[in-house]
């Protein structure tokens, strides 16, 4: 089956590669001609601009937009909307905000164009491991694209089947789902990332406690010098906390248990924030997911105004001076 | 190799079974004679009381105590200490507090008895999946018991090896480690459980947000009726949040997506509390692990005094009445 | 000076009363004619609809809208915008979202109408104690209305002056400020309420800990039966935690130390949520303010889906049954 | 009435001064002879060592120990216990852990010596404003010392009486209470400090959000340059968040709105930690009080191991590099 891909960065490029390997064909476009050339060398058809891109696609067309969420995705979808025609499909595979999907889908529906939002997880490992996909949009479009999704998905692999799923949607066991109408794909992916932040922070706090078990502030008899890397490794087998994130942690710690190469400045990509906004809108308590996001905010500050204010109050009531 | 086991509940009994299957021999004791009989039928040697239990063990003896943490473990270890002799080993495989281990080990060391604390993870699945073990104590005793630990551990299994671990302690890849001196095993297991609580709460909050995406409080255009079970399933393959806890979640949701069978009263077993105590002692921020524990506390209250006080204040300043 | 008031509920009505007492005049309107009549009896001029209301005001007119935030305020401001003319002032004294203020002010500015947003704190006590006001909008309008604000504000009262404020805006010491351009008044009021939630929750948790000091789960030697009401009272004098909220708490506890009259269902009014949205937008860590809001969310649930999921996972890995 | 004071630091010295002003007499001792001399010059009787100190007191003696909690208080109470006799009173006015009080009181009771724990709040302001006192111990001793406590307490002052307290213990309105048996005084003071941390952090987060309203990361139309000092001041009058801590905040911000003089390194004094330990023991959720303490822990770290681990995981799954 043919797919058009716009945006040939790490994610877009590898998705095309996985499709080509799976016997599909691809028309590709990127602002950077070198990126186009690279994929042409691997068997894709290149395009020099969006108009040519659309022209080279067979109707009904499928254009997958894999660009940073925000202005550039918005503009590209709008431009594609002008170039494409009824029954074509535009996929937004980036990390767009789900309310933007809902709005865009309604606008394109007026022209008969299908809009499909695909949240993808898998990162740099996806090309080999497959991409876990959460898909929102109309059934007709998503069913038509099933061969694409099936190829991109990880498949059942060596992961044991969940008992009791007989008769349920088999796509979930292949690693992709039709989550609901437009926006549902990115909504589910958004919450996925919110959970991801929470899981990461749970490990981070736990390993921090293990690391500080050697703290000189503790009574000597209660101190432990622990081998953090071996602990991460041992938990990978048979423990309740085993996970892919733990695998990655064990791998990082095998290289450098003290993580000297990292400054501890931790970015966040938007989905964690939107997940909290959703929790707040829904009146759902989310202390863990919030704390996980706030830890990242805090990691990016040196001396926060909040902390200075605490010091100022302490000086006010107790005459406490800050330590030198 | 021979092991003595005291406490033949779900954990102790299955550990003996796994050892018997692995070619070891066992002397077993439990207050409940039926539990002893059951294991005798499977090939173990039974004892009617602790004295007989110790007598039936070959020197140097190894007695594994697998009882609820607290008074009963304390009393049993003390009694064993009186019955056993120099170079014998007492293992506490329960969930004891690590400071109790440190104290007990020092007391037994005076008699020449080795005290080994083993934190085990794996729950009811351990008999087949193996037990992940974190072990504290003297090297001489732990090395002597290696055949036991090797049999109980999950082994390398199908889990890919972590790159960069060449030259490191190979036991971690088998699923057990010698974490450090007395108490270190239970300390690491304690933090393991603290992390476990955090991971569980991250999933719980995320799925709660997914569930409430259909809330009638949201604007209709932004609502989603999501298939929670399929979402849990799809994340098992290729996603960043895949884990054993997610496998269990998918399994529970396959049975009943609305979890009607659960009241939402969530117990905690002590290690989560001790983990926070350790974090506080070490001055390590642990917002996620704390929030996870507090969510369990809160799940067990109907109308908290704290909440009533908020209502009382609201009435005081704003004349706000509580809704009927 | 003359003020028009739309919305004669508890807040709007009392603001008019305080103005009349202070020698000002008022034109008043409410959908409920009885509310209008009541204030006419106290010396205000009544109006039967918005058109008559605007007609009875002397140019340049000032119309204070004191209605629930949301659709009704939006519609009323829009209708007033159609009836009023250049140099008139519309005040939104409710709890509007600051981004709505910014939008409305821009729309009205095109017609030469000034839009002023006033965040007011003081609740039912304001009529006697005065209203603390945070004001956003153009200087020309806010300066013109100064006699109104001065009368409504608490004034310096018996509160000691803050040293070092010489040469700073004297209005702050009277209990009102011009916080900035349109939206700034409601923004500051919004954060005020966010802080209010945090303060309330800090007291609530603390008193909860005092209450549970008698818990039968504690060792008997470490239990205390504390007189919660006396504790609240004693902290009012000379302690670091004295505050107006504590005064209200002491008052509530003097009546009923066990707060039997409250169900513990705690509402929230929007500003706490917006405060978190602002924190998230600004990348400011806000664990305390978030936890305070989430505690209210949680107070309104019986058995949360999140908690049920924790139980389901526990059953999955440990065979733990929920307690009956 | 006569009081003996051991420890003439800021707190102990000022307590003696307030007592002398109130017509009481004092015997004083400090390791630093200059501190003793200073108070002798103000009318106290000095002592060169503990033995002389006890000798100079009239039976039944009262010795107030005002030293840092921990080893030095422990040793001093023990030494006093050896020097004093039946019916004498030892007061620990420091910030001792309440379980230490319970233990010490039991030990001294065997000798007939009364042990009284006094938690005091008021800081450097207490000499003039009075000390808020929470007192634990036997009624007979606390009643005997009432003239001392009455003089030290703030008294009713200008603070309005709480309605509905008729018939309740009048001491609470004077600023001191007999909270319960030994330990109760320090327990209540401990929770007081836990609440204090929570209140401070609520303000700190709120003001941080106000400060960052000018963040260049926000859309320009939604940014505000707020006058933080004026906001703190205006909230002191008529607002729901007025408090003594807010008074101190306004005072600090009047001097330097940007708090340039503070590094943001925030100490904690032990009671916040113990409050959390108590909450955990009692199964009381305490997200706000925990977050307040953790914010202080975090303020004292530069690049936390937890944050580095997050970066390491992010690199693992997404190839994300940390920003330079």
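In this document, chain identifiers A, B, C and D correspond to the written order of the chains, with residue numbering beginning at 1 in each.
The criterion applied here is as follows: contacts are C-beta pairs under 8 Å (C-beta built on N, C-alpha and C of every residue); 3 or more make two chains touch, one makes a residue touch a chain.
Here the structure is a predicted model, which is why all the values come from computation and not from measurement.
Here subunit B and subunit C face each other with the same set of residues for the most part; over half of the interface numbers are shared between them. Among the other chains, the CA centroid farthest from that of subunit B is the one of C. Note on chain placement: the centre of subunit A and the centre of subunit C lie 39 Å apart, centres being C-alpha means.
Subunit A and subunit D have Cα centroids lying 47 Å from one another. Chain centres here are Cα means. That of subunit C falls 31 Å from that of subunit D. Looking at subunit C, residues 123, 201, 203, 205, 208, 212, 240, 244-245, 251, 281, 283-287, 291, 294-295, 298, 304, 306, 317 sit in touch with two or more other chains. Within the complex formed with subunit A, the residues of subunit B that make contact are 98-99, 102, 121-123, 126, 129-134, 153-160, 162-165, 168-169, 171-177, 179-181, 183-184, 187-188, 191-199, 201-203, 205-206, 208-210, 212-213, 215, 217-218, 221-222, 224-227, 229-231, 233-247, 250-251, 254-255, 275, 278-279, 281-289, 291-292, 294-295.
Chain contact summary for the complex, subunit D toward subunit A: residues 10, 123-125, 200-201, 203-205, 207-208, 211-212, 244-245, 248-249, 251-253, 259, 262-267, 287, 291, 295-296, 298-299, 302-320, 322-323. Residues of subunit D touching subunit B in their complex: 240, 273, 276-277, 280-281, 283-287, 290-291, 293-295, 297-298, 300, 304, 306, 317.
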